[in-house]
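Next come two complexes built around chain A: one with chain B, the other with chain C.
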Partner chain A sequence: MLASHYQINRPFVIRESFDDEDVIVNLDTGSYFSLNKTGTKIFNLLEAGATIDSASDHMIQTHTGDVAVIDLAVCNLIEQLLTEGLILAVERTESMDNHDAAPIPDDAEEKPAFTPPILEKYTDMQEMLLLDPVHDVDDSGWPARKPDSV
Partner chain B sequence: MSNNAPAHFAGELNERFEHASRRARQVVEFNFNVAGMIVRLCFAGEALVPAICRALDHLKTDATDKPALTINLWDTVSTHTPMLPAPFGIESYGPHGTISGYCNESYQTVYDTNYGILMMLDYSAKRAFWWTRDAAHLPAHEKASPLRTLLHLWTRPMNCSLLHAGAVGNADGGVLLVGRGGMGKSGTALACLAAGMDYVSDDFCILRDDPEPRAFSLYSTAKAGDATLQRIPVLKSMRDSPAEFAPHRQEDEKEVFFLHEHVPSRIVDQLPITAIVMPQVNDGAMSMLSPVSASFMTTHVGPNTLFMLPNSDVSTISIFANVARKLPCYRLLVGSDPTPIADTVASLLPTPHKRTELK
Partner chain C sequence: MPIDSQYLKTPSCWPDEDQLRLLKIVLGRDEDVPSRWHDWKTRVDFDAIDYPSLQLIPQVYRRLKTIVPHEPLLPKMRGIYKKMWFANQMLFNNTIPAMETLNANGIDWMAIKGVGMLRYYPGDVGLRPMHDFDILINKHDLEQAVDLLIADGWRATPPLGRNAIRLGTHSEHALSLARTTTCIDIHWHSLHQDLSADSESDIWKYRQPDRLIDRNIEVPAPTEQLFLMCIHGVRWEDTAKLLWVVDAAMLLEQAGDEIDWDRLLDHAVRRHFACVLASGFTFLRDDLDIHTPAYVLNRLQTRRAMTFDSFISEPLEHLELEALSRHPGVRTRSQRFASDAMRHWRSAGLPSNPWQALKHWVMITPDDPKPIEAGLRALLRISIKWWPLKHALGSRYQGLFLRRPPTFIKAPLVRPGEVVHFTKTGIGSELAIEGWSAAEPDFTWSESCHARLLFKLEDDPLACHQVKFFAGAYLPPGIRHVSADILINGVPMARWRFGRDLAHGMERQMSLPAQLQGAKPSQTGSLIDIVVQNAKLYCPAQHENSSDHRFLGLKLYWMHVERNQTISIDDPIDFTSKGEGKHHLGSGWSNPEPAGTWTVDERARLRLTLDRSFGPTIAVELTLTPFAPSGHTQMITLVAASTRRRFTFDLHQLETIVVPIDNPASGTDNEIDIEFRIAEPISPLECGLSTDERRLGLMLNRLRLIDPT
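What follows is the complex of A and B.
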């Protein structure tokens, strides 16, 4: 079940925006991601306080394409963002009530075709966060030096 | 545990250092210019001095400005000063040896569980402590890139960042060499050095973006494996005695070269950065350059430094991302012939590079 509102999982999640995509890092899990332009738009809407419905509506109104496809794509991305711990489901707050989503173009304006959001995941850094458990300590309580680490 | 536990521990470490200094009967002090700031190293006795200072010698300064950071260093064996009992249990050790409850905005505490090195940084007092059991058993990497963790934590709140990157170039511009270990940063940096370029680093440097991107030297060392030594034979004349430097070096481990002892004029403390290059070792002889986006570069480089060093935060990646947005970014397929490597990198410099082979 998806909650109504979302916020970035700070301070664990770092996001850097570029013209073509966003780079997102989860410091807690060691995973990092690239998010394409469509995904970035949805992420921005969520960060501004959009609900899943309003984010989906916004994408439908600002793009051409099958409404069901767009709606499903928005839902799927939000689920992915939640699963990866990049956003958190939160209660509605006053600031969210007043969120100002990107303006919706009028019908005369040409709308871009909807392209699916893509969140690409990289996990090759996770091993660097693996704990090296401390088993042995000396008389003062400091970890004993590993025997093969000369 | 009380909130003032880190402050209390820092006070106790300071007492330990003073005790060690009295036992050693001297404090040996040196100032170093690190990214335009004075870092003072205070050693209780001389035992640690050669191992810690050798890779930093090129940054030594006679400047007597107030230090931006003072690091107090001692070991137990030479000073006959036992360490305090650990005030935290084994459950407190996190990734990279960060100590839970002793890391916050004012303090950072890390214990290298592999090599038995305790580090604590006290931001407000602009001081740090560094302790190990025996100066005679420092690992090779600590001699090649000493105090790396402390310097990373120290620069974290500033508008600069310790980055896993090399840098080469000339007075008018430089190329930042980025990428994970084994991708060809060192080989590329050394090929450029051999062609007469200025050298800041092959592995770690400090990146500042204020007002323009600039890379600052930390260590004058370079690491080279057998393949690089074959391609750039002049390095063999700079060979340290392996038995002296790292008695237990594995056969497949890279050799460490203290470059400032052999080519001091080529080792510079900083370079303006005008391009970013990610080398990638290639099977062919020739080297090939292709442009990549700033986002590609940040995706494939930023997390590398973030996760390699303890308690990284947004600043570690944002400074690099800002620099990547400003500068042209390239992927360099590194061939086996060092000449085209250096020529390709030189083609990215704002002014022509006059090739002068090292002898």
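What follows is the complex of A and C.
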């Protein structure tokens, strides 16, 4: 499965950017996911038609860091996305963009250090909807619950 | 039974100062956002934010993130925004199957209220929070629609049998169905105040296609959507609604060109909402600079006076009050009735709104109606007929009819020049028909958000009159000012604001609404209905060492009606304490002082009545002194009400200026209304000059009218 191309599991999955954070919701299960910047980059590559190998290559070329670590992190994230039903493995179609055409910064440009992608998952929809977004959350805001809130 | 403290809040219809500041952050100019946000944050504890304000936070966040990017509260605000986006997405997703069921069975429906608003918040469903998915269907489809949805797992809330649903179609406007965390409100009437048979015809006729989560839906046209959102929003609640304000602004911005204003006027008049809509549009214009066409507001206000004619005078003269409840004024009647009862409920420790209280109570203590029944009988002097709903609604519920005994209200006569004292020995209590305390030795308190005076003016109804009051207000420790809107025959005339200096009492006057001046005597008999809408009432027992548990607003000492004091061209008017200028002051002024009269608000109004009609232009010569400590200038904008033409000037010392005023009603009008807008009123206390807390702008020393011809 990991050698396939991928697409977002629409219409069950919706995605919205809130500044530097991507939020993905699986409407079918009511689960809510938050992706950090690296995760968002990989998700964008997959949406554009990347395979696991090409996504991994892209991340290696555009970041500094241990190649094996980057490769493993990309692989793990894609597995997670598949497990959560957020993406589907599909055959490549002509409508998919050629991710290889995505611009790669030349060597002269300073590459950022690779930080692992993080997919945070919140599963209890009812609890999330009842969570008071002013008083029950930590400084990062809803849905991150305060440690001491019930 | 413990009472939730939220019920003890004072109901309100309009945003308070802090809510208004938040609305201005959302809707105002970019350059004003940082200072307004700073002011708001200084005054409001974010952890104690009220719910209507919380609903605006996604939009506040959207503005602040670029304009005030280092605001520490931004992550928390973004969280609120994300939650509202998530909740809406789940709401739509959970509701779409129900909509598909209706579509598959040929039942017409359209999305109204919040979902109908989404198209005016392009590209972002997180900006417009909503609790439920509101749809409108045809009344004849209701039973089938409910059957289909119940078969899909939806349940009526509260649980209702088929008989109850059938009964409800005649007396209700909507029904709620819930499944897990999602709620659909099925409306067969879009407004609970109007259950007439053809109420929805235009909404259906002009509906428009829209898209929601890749599906085709239908929504009301902008004209009907604006009408519905305003009518839903402008109402008395425990806390004023705010979303309707932003909805109206967004709709006017996105689709203002598509609004058929004549059709909207027709809705307002035909469905008897001219009064509500006029109030809403006036608020948008005066407080947020959001404009609807002037002719629309004029017609609504004119219509409001005429509606008053038909719905008050006849019942007062000929019919018992019960007839009034079947009249278009029923909604007003109900509101007044509710507010009148509020203090009794409060003193009994019951929820503040009796309608809410009854609903609340009926749901939880159905077996012991007697205390409530006795309380209502004694306190409100109404008769009650219990309506057992056991067969229709199940044994848990009972309904009741409230009915006042046949009563006539006699409007007392007041003659020009007569001073009406609201004291123990005065006749004021005869005029104070609703929302007032028993008269005290020197004055009478308003004890309701909606306190009303009614009298007949015994004079030529075609003459121009002005009514003067001496009034103060209850200002508890820690509260800097209170305000009240004054409506005469349904027309907003003034907003009175009482700071510490004026709380003991100030003299104010208003001309009677122009609409009345031309009315035939037989239409109204010069009936004058004055409503004092207190923005907030305070309870002395809650704020200071007092055993007075009443909620108090304004205190009225005396009232005096007289024919308008006219002025002549070239005659100077002196606004010092020795002069006659006080007769021409509207809202926003202090009491006259030896040197002149200060403005004490951001806006201050004058009304001048000439002894004759005047031509197309007249000039006003004003001698003004700015309150401009440390050599600063004060920017003043003068607005002529006749044309809304503005003149802006900077004052840094005493100056005499001349401003031309156009008169569109040349040769027929002899009234001139002038409004001063002060850019930066500031108090001597804030400047460290004295303990005077009044926010001063300019002092009016002298005024003279000049005929340029």
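Note that the second predicted complex is superposed on the first by the 117 of 150 C-alpha atoms of A that agree within 3 Å, B and C clash if a C-alpha of one lies under 4 Å from a C-alpha of the other, contacts with A are read in each partner's own complex, and residues count from 1 in each chain.
Basically, a contact is a pair of C-beta atoms (placed from the backbone, for glycine too) under 8 Å apart; a residue touches a chain by one contact, two chains touch by 3 or more.
None of these values were measured; they are calculated from a predicted model.
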Kindly classify A:Met128 by the partners it touches after superposition: chain B alone (first), chain C alone (second), both, or neither?
both
Counting residues of chain A touched by each of chain B and chain C, the higher count belongs to B
Touch check for A:Pro143: first (chain B), second (chain C), both, or neither?
both
Looking at A:Ile14 after the superposition, I want to know if it touches chain B, chain C, both of them or none. Which is it: first, second, both, neither?
both
So the chain A residues that chain B and chain C both touch are 11, 14, 16, 18-19, 23, 25, 27, 30, 32, 125, 128-129, 131, 133-135, 137, 140-144
In the complex formed with chain C, which residues of chain A make contact?
11, 14, 16, 18-19, 23, 25, 27, 30, 32, 125-126, 128-129, 131, 133-135, 137, 139-144
Chain B contact footprint on chain A (complex, rising order):
11, 14, 16, 18-23, 25, 27, 30, 32, 34, 122, 125, 128-135, 137, 140-146, 149-150
If you look only at chain C, which of its residues touch chain A in the complex?
46-47, 49, 54, 65, 75-83, 85-87, 89-90, 93, 126, 180-181, 213-214
Chain A touches which residues of chain B in the complex?
82-86, 89-90, 93-97, 111, 113-116, 118, 133, 137, 139, 247-248, 293-295, 298-299, 302-304, 306-308, 312-314, 317-318, 321, 325
